[in-house]
């Protein structure tokens, strides 16, 4: 089915230092792919993994720069090479409600979470089409289903925007290049661990999840890997939800 | 059901000079509302209507200014007053495909078609909540359902973004303030008339519409009026599609 | 747009004695259509209306007969004539949960709420296609969105089934015959009035409705009429939700 | 995450002799589950597999019996035991268009494809809840998205009905019992092979699939296995589509 080539495959993971990102990195190293992981600040865990594997390449890059409107050129410099898969896990979060948002904060979230990833995908999909293999996965959030939480308008709005799949995906499909979205439910990551320690709201939030627990980063990473390797050979243009039944 | 007040109601129509906008203006003048219609260039038809009605107020404003990132303050000056209904028909179109888009052109379409209308609605919804009555309708396009046409990535992407309904809408509902989206099908407007004259593609486009004809601006305007006057008393948070069965 | 004929139009209302049905009957009498209203037991209100109007015709028919699997022929006798619009408001309710349902009770709800209405529509749509005008509306329930309530599996399941729109609707559209679904929210009808008197659950149920009140049958009937008369000239194949924001 | 028990797991595959069913059987035998496969006529391939594995158990049962309304009791006799996963691949197909269907043929398709599987799941889910582990997958068809093909109204209607997920799934989730739907695209099975040989329509059908080829039963079986084993640990209540981008 897939014209699998013998050479090593290479995945680009945007947001690679997030808790889920780290697990995705591990998954791909385990199946012997080359991995390029973008990060901004939290490089600790990634550097630990790098020590153990020559296949891991780290890319420091700040998408949520306040001057991010001028970094288009930098992007093409830093990310323009052949990749087999792209996974977008960028999750820039501010705490703006709809009532308190403004132009600048909307644009900050939007460029970091949606527009820059889309521009990177636009640039790299051309190479995927040439090599006749590619898997793109944009990770959004279960919040999109409900219009976002009270204090996460900008985040949810930008993740909603990210979910747009351009009609070109039909042409890409012919060349074995697939694109999908994954709506991820509440996951046991730093943010939620902090909430747990502070006992903020986390109990009420958990009540809304039928499965009655948060997802572990590890289990989310498995859905991601399944969708972005050869094990996904016939699904494209879809938005999947892994959210414990929410 | 509705705490209808005796005083005259007032509707703000963004994109009021479009072919559909003109018909919406007429509808509201007919039921004796005050009408404020925003326009940019095509003021002819609006000025003709203004001569016949004291209830029509014209607002010249350019949302798709190349420097539009700095007009947030101007917006609050020009649009900040009490309205009972807001109808967003802004449709800034460029001809960029996904393959040819770039940061600047994405942001141009996005701010004009989605972010400025959203910021205006954010500003005005507060007054609606105080007066306990309000109807907001964002008009998007059937293209959103299919990921846009070949050369309308920016337009479809921005219309997709516009369709995000923030969870706050549930609180607004309690105060009789409703928000909905209307996905509009192919309509017999200037753009499509031009295509028709030039015989570009229009036949192929029509084949995709089960009803087998374009909508007339007049009939679309009736759906819009129904959703933004008292005749909509129980529907909020919805995305409706009026597209001849597409 | 519509090839409106001068002769009087005729609507068939299945479930015409329900609280919403009565209001729909009134709406159509007001705009001077002929009305055929099917009922089973509650004929009081319908007979009261009949005294005042020669345009109202009553059809007694029991769809939820325990032997309903053998009434296909009866149906073609009783309902086979020219109609311009068909509105299906049949709502046979038992109190079976998923855990307690069985073959017989599933089939009872399914035939009454979905299969018989579908067979009637199948029979009558041919005449609509000949006369090149027709509007069909199947009314389902907001419960379908959530998999039904605890004790209404059969009802919700059958309403879900009813929402299937066969691809033939695209051919019908060409002949100006439209079909849509309307998901109706909690409405102030006999059932809910009873719950209110007994203070059963109704408060908790209301909490789930953003608008914070039930719909009145009158206001639901207006959405129905708009979708099944000439005022719907370009919408087909859609499922709309009027549910106070749920 | 999962309270995996040491004892061998057991999957029930309804429609186990279909081309996809055979591959699912193979997958589960490979990971050393016990497999019970229901079939009606085509037992050849299943019996071949049975010779090689003691873990495979065959259940002959005809769901599409013309007298199928009376087999409820037989079902509880034949299928009532502990299973860890249930996969419903029953696909009873007749060739009725919407225009030519009738009560009997609707009920035949509906009971075989939807109601009997649902009743079996209802019966078996109780045991899953007790053992605190269970995965249910109902397989429907991409046709449901489009209202079915011209001559497959009964099939598509029944598959649409099957997709109803009762709200009880939220309670099941707490006990680690999940239920999902899989909409399967055009697959290279006997039916389509026959079409291919006869060159009926198959080329036109393929044109509608962005990936530009049918799915192989093997690749569909992998999606199915992923959703019904421990590798699905956080997704429930979803309808997924694996259809080559349709």
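Note that the chains are named A, B, C and D in the order they appear, and that numbering of residues resets to 1 at the start of each chain.
Note that a contact is a pair of C-beta atoms (placed from the backbone, for glycine too) under 8 Å apart; a residue touches a chain by one contact, two chains touch by 3 or more.
Owing to the predicted nature of the structure, the values given are computational and were not obtained by experimental measurement.
Chemist: Suppose you list every residue number at the chain C-chain D interface; are over half of them used by both chains (same) or under half (different)?
Modeler: The interface is built from the same residue numbers on each side, given that over half of them are used by both copies.
Chemist: What whole-number Å value describes the gap between the mean CA coordinates of chain B and chain D?
Modeler: Centres of chain B and chain D (C-alpha means) sit 45 Å apart.
Chemist: As a quick test, compute the distance in whole Å between the mean CA positions of chain B and chain C.
Modeler: The mean C-alpha positions of chain B and chain C differ by 32 Å.
Chemist: What are the residue numbers in chain B that touch two or more other chains?
Modeler: Residues 169.
Chemist: For this assembly, give the contact graph shape among line, ring, star, complete and other.
Modeler: Ring.
Chemist: Which chains touch, pair by pair?
Modeler: A-B, A-D, B-C, C-D
Chemist: Enumerate the contact residues on chain B facing chain C in the complex.
Modeler: 1, 169-171, 173-174, 176, 178, 185, 210-212, 215-216, 219-220, 222-223, 226, 231, 233-238, 240-245
Chemist: Give every residue of chain C touching chain D within the complex, in rising order.
Modeler: Against chain D, chain C makes touches at 69, 72, 97-99, 101-103, 106-107, 110-111, 115, 118-119, 122, 126, 144, 146-150, 153, 156-157, 160-161, 163-169, 237.
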